[in-house]
Amino acid sequence: MPHRFKRRSGPTARALVASAAVVFTAAATAACGARAGEEAAAAESCLDTSGDTIKVGALNSLSGTMAISETTVRDSIYLAVEEINAAGGVLDKEIEIVAEDGASEPVVFAEKAEKLIREDCVAAVFGGWTSASRKAMLPVFEDNDSLLYYPVQYEGLEASENIFYTGATTNQQIIPALDYLAETGVESLYLVGSDYVFPRTANAIINAYAEAHGIEVLGEDYVTLGSTEFSTIVQQVNAAGADAVFNTLNGDSNVAFFREYTNVGLTPEDMPVMSVSIAEEEVGGIGIENIEGQLAAWNYYQTVESETNTAFVDAFKAEYGSERVTSDPMEAAYNSVHLWAATVEAAESFAVDDVQEAAGGIAFDGPEGTVVIDGDNNHVSKTARIGEISADGLLYTVWESEGPIEPDPFLDGYDWAADLKVTD
Amino acid sequence: MSKFLQSRLGAWTGFAAAAIGLFAVAPLIMSGFRLGLFAQFICYAIVAVGIGLAWGRGGMLTLGQGVYFGMGAYLMAMHLKMADAEFRNGPGAVPDFMELAGVRELPAYWVPFASPAFTVAAILVLPTAVAVLLGLAVFKRRVKGAYFAILSQALAGAFAIFLIGQQTLGGFNGLSYFRYFFGFAINDPVNQQMLYFIAAGVLLAVVAVSLQLRRSRYGELLVAVRDSEERVRFLGYDSANIKVVAYAVAALFASVAGALFVPVVGIISPASIGIVPSIMFILGVAIGGRGTLLGPVIGALAVAWAQTTLSEQFPSAWTYAQGLLFVVVIALLPGGISSIPALARRIRVKNRPEPVEATA
Amino acid sequence: MNDIALTCKNIEVDFEGFKAVGGVDLELRRGEVHFLIGPNGAGKTTLVDAVTGLVGYTGSVLKDGEELRGKKVHHIARKGIGRTFQTATVFENLTVAQNLDIAAGSGRGPWSLLRRRRALPAAVTDTMERIGLADHADTLAGILAHGQKQWLEIGMLLVGDADVLLLDEPIAGMGHDERETTGRLLHDIAAERAVAVVEHDMDFMRANASRVTVLHGGTILAAGSVDEVSADPKVQEVYLGTSDHKEAADAAAA
Amino acid sequence: MDLIVGQLFTGLSTGSILLLAALGLSLTFGQMGVINMAHGEFIMAGCYTAYVVQQAVGDAGVSLLIALPLGFAVGGAMGLVLETLLIRHLYHRPLDTLLVTFGVGLILQQVARDVFGAPAVNVTVPEFLRGGVDLLGTTVPKTRLFIMALAVVAVAAVTLVLRLTPAGRRIRAVVGNRDLAETAGISSRTVDAGTFFIGSGLAGVAGVALTLIGSTSPTTGQSYLVDAFLVVVAGGLGRIKGAVVAAVALGTLQAVFETYSTASLAKVGVFIVIVVFLQLRPQGLFTLRTRSLA
């Protein structure tokens, strides 16, 4: 397409002016929405409760880096839904799952959450894993006044009316782990974590706890998420010679960390590692020989001895294969579906307001023991357990809290944590 | 058809049709949710227009547009967080996420972003200035081709990692939970539609700027640099300057797109601007036709739409599709879908040699 | 007007210990077509690269008394030094007129660059006439015939007001008629400019050279008129010693 | 003192890992001027080769010895297929090659995910490589010593092949001047395929070695790729010498930065150093000077 010369004029400059004019006109005519301080027109829920079924969303990463973990959560969500449907559904309606892929990207989580609420008109959404995905979804659920059930332990300091947190907050995982270490005579700690919000918050809590309890923190190191280069850090850990290591690494970094740890000759006997992100699923990839005897802090292990857990593990293996294992987030997700169903039954309504109203005090007898929703902060009470990784790849409880611990996401009940508290 | 689009009437008609489509038809046929999604796609399309200029016309394969996209987005997000905090707790208040991270004092570099005017100026100036400096640094030293591509990619990686380490920028979680956009409540559907209109208007403006640059003498010069940089230098031009302009304009477009992305989507985090998102910006441009004006726009919209729709049903298949698209389109159809009509014409009139649009 | 446009003194180019050009002196005069000949690897193209700023060198290059060494490529070009390449290098995706317009415009300011061209500059239309491509103004350079590309490249130098032209094998691949046209073009443009031609074709050299410099192994073997050079025994020896028999025969017969 | 020795060692160790990942890239980039973004996935293929062999053989030591040559063969074969089917046909479009191979990398990652599952798999470290050796006051893991030794062997092997074998001489001739080599009767096509085989094979070997210290998952290769590219860019086109120096320098730089700041700032620091370095030496540490313009 040869260009012609001697054209009289180019229209583009004027097109530019014209399009700018269009924008301003459009903006001017459209800009009659709510301004700061005014109440925005609330989005109407399109939830339809007239049929025989009720839709819920399952929003987990099925692709990308987080798919490893989140597909397991999805499996237990499906299991719980099947169980409820087999028992007659919720308010006599069959639960229908609308599944979406969060693709391990916060932006996609926000987008899919909005789709589930506004297009699929689901009654509640189950899922999310990373804090980033939860933070991305939070405004979506608040703006559209809908419900998210989030099943993973997290860094606390959050309480939204529209989110039910069925994983542990810090006082149900980090603090019991520290209590356990202090009990066993640990006087110095080395902190190793991935560089994101959970390890940073956890370590802030650990530092405050350590100061109040006479424990010395000898070092605090962060690596980029996914980093597999631990030569420098393990050398520093080795040189520091702490009584124990508190590990908040995430994902593949654990593999490289524990290999390096073992290879420089460190053992659980002379320097145990307390991990808060390693569950049954992760042990295989790290290699038993590198991690046997190390500690973990969770609320649930596959080996928890109770009838409900035996039933849960059996049902899960029957559904997904005997080689599969169950882990804490899977159990919390399983609980979350049952908690939602129980709340709906109690409220006798699927409406968000009614569910929020009825949630406080709702209990479910889950695999980890009884969990109860705390109506003040939408978290649940949970039993803390320290587990030791054994040669068969499973974790066995070596210590557990005396009954369920009440959730305290803002650590109001801990004086030494006063400086950590949000000021408002 | 291309002749018609070249003409003055054609350009006017094209713009009018696009304006009607974007401003009148789309809001009628799409739900509020879909319109918001479309606004998000438009942000990607704005980035694509810039890449079309730098890569399609200028031959600079910028695998790091996420950097400028991210700059614009973070600058805007900082203002929105400041405005929210000010609205809740008065001037100088610390944004909510910093309170959670234990930051009690507002970091000094946040302070100016309380001003909307400063923020808008920063969105326009800062990424452009960075692009100019970086462009001068690499192009003056005649770093080009694959070297430039790798460097720009490494830059995106380094920038994302840098942001993850910055707790006062939200770290890995990024910045989210915005309530007001220059005083308007973001959760109000009317205002959401306004955001869409702004995005659509910016897209039109960006395409118009790109059109003007392509048709100007500068546009011809840029193609000349792409095809034979040495020849241009031996004609007395400093080719580095020519490249820097296109690179900086692409950076500016990306920055503006990022700034719009934040209120539209409601979150910006390092996950949206690293190496992989940056290279994914390229995919749409390649599919649409890198050398053409509208190809990148159409390609970017199509890819974003396909990603959303296909990944809903087949998450694993979508990754295969993405990979295959890269391979098939770039290897076999380097001109993208825009070149299909020309190809078809060439096959029809096989005897007569037909000039083909450049695809270096 | 036999004045000296370009003076090269003691040019040396060193590639990591390999001396591609070792101490060459050269003067190019306006009004002359000056041929640089020599076997492969003699340093002809490297000498052109050095003068135009592409490779570093020691020595001195003066254009009308002004030192060019150390200047950047595009600054040297703006001083009026133009060059072509062994394979014709034109902007294949632009039209003939666009090619020339770009070549004419290295001094344009940003404002005129960012606007569309309203009309073709007179220099461009004149040059199209001169290089015989007036009928091809809107033809993409990429589909021109081989010879036409070479002419276009020369035209780009003319329109850019170069007054020292360094042409690297301008007739490579041309047919007989095209060579003759090129020869006439060279003399036409040399009327007010200095033209240097790197060439292997001995017939073309004999027909068109005002002056000849023979390079060998990076140094000057002989210089002078066509007849003087042809008679030089050193030149004959070098050309007979090369593997290229045609060149050798040509040189010997010259 | 311990710290300095430790850092020096970490630098050498990180450097040798970078070198293993970058050596093959340097060869293919240098020879053909194409950037193979799927190189990381060839590394990953090496990792999974080690895994599969270990599943089949059982004994970790024996399986490592089998996996090293097998990893070379697997990586090499994948490279050969890629070269023959795609890269060869994109010869004059280096940037397009980059994007096409990125697409291939995406597909290979997903294949690994579908075949082996997304979670990381465990490759057991053989008994004789477990634990550490005390060296000048610091404990040095045997696995890292092994990888250093492997890097030295790989560099030596590549250098010897290039210097002493006829095939190597042909490769060097094509790298030096492609056109001249062709006029001298060397089929650059065969040589390209050969280079790609060797370069990709080295990626496979790197993958097998990396299972000793890192995790094996579908995204394993990706994490090494950008660093490996920076090594090649900083080291100079196709110069083995340059790759060695650049890898060790970058490894040390990273280790030093990491000790005195955070890991994330270390990455940014390394990038800035490279951009500044390219200001001083735009063609990398070592260059092949040619007078041709192209």
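As written, the chains take the letters A, B, C and D, and residue 1 is the first residue of each chain.
In this text, a residue touches a chain if its C-beta (ideal position, glycine included) is under 8 Å from a C-beta of that chain, and two chains touch if they have at least 3 such contacts.
If you're wondering where the values come from, they're calculated on a predicted model, not measured in any experiment.
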### Query
Among the chains, which has its CA centre at the largest distance from chain D's?
C
### Query
So which chain ends up in the middle if you average the CA atoms?
B
### Query
A-B or A-D: which has the larger count of contacting C-beta pairs?
A-B
### Task
Mind checking the centre-to-centre distance between chain B and chain D? Centres are C-alpha means, answer in whole Å.
32
### Task
Please compute the C-alpha centroid of chain A, do the same for chain D, then give the distance between them in whole Å.
36
### Query
In whole angstrom, how far does the Cα centroid of chain A sit from the Cα centroid of chain C?
71
### Task
For chain D, jot down the residues that touch at least 2 other chains.
113, 262-264, 267, 293
### Task
Two or more other chains in contact with one residue: find those residues in chain C.
85, 98, 115-117, 140
### Summary
Where chain A touches two or more other chains at once, the residues are 2-4, 7, 10, 67, 195, 222, 224
### Message
Per the contact definition, I'd like the list of chain D residues that touch chain A in the complex.
### Response
2-3, 6-7, 9-10, 13-14, 17, 113, 118-125, 130-132, 138-144, 212-217, 219-220, 223, 254-255, 258-259, 262-264, 267
### Task
Quick one: which bits of chain B touch chain A in the complex? Just the residue numbers, please.
2-3, 6, 8, 11-12, 15, 19, 23, 31-34, 36-37, 40, 83, 87, 89, 99-102, 104, 161, 164-165, 167, 171-174, 176-180, 183-194, 197-198, 200-202, 204-205, 208-209, 211-212, 215, 265-267, 269, 271-272, 308, 311-312, 315-316, 318-319, 355, 357
### Sites on chain A touched by chain D in the complex
65, 67-68, 71, 195, 221-224, 226-229, 231-232, 235-236, 238-239, 252, 255-256, 259-260, 262-265, 281-282, 284-289
### Query
In the complex formed with chain D, which residues of chain B make contact?
59, 61, 134, 137-138, 141-143, 145-147, 149-151, 153-155, 157-159, 161-162, 164-165, 230, 275, 279, 282, 286, 316, 319-320, 322-327, 330-331, 334, 360
### Task
Please give the residue numbers of chain C that touch chain B in the complex, ascending.
52, 72-75, 77-78, 82-83, 85, 89-94, 98-99, 101-103, 105-108, 112-117, 140, 142-143, 156, 160
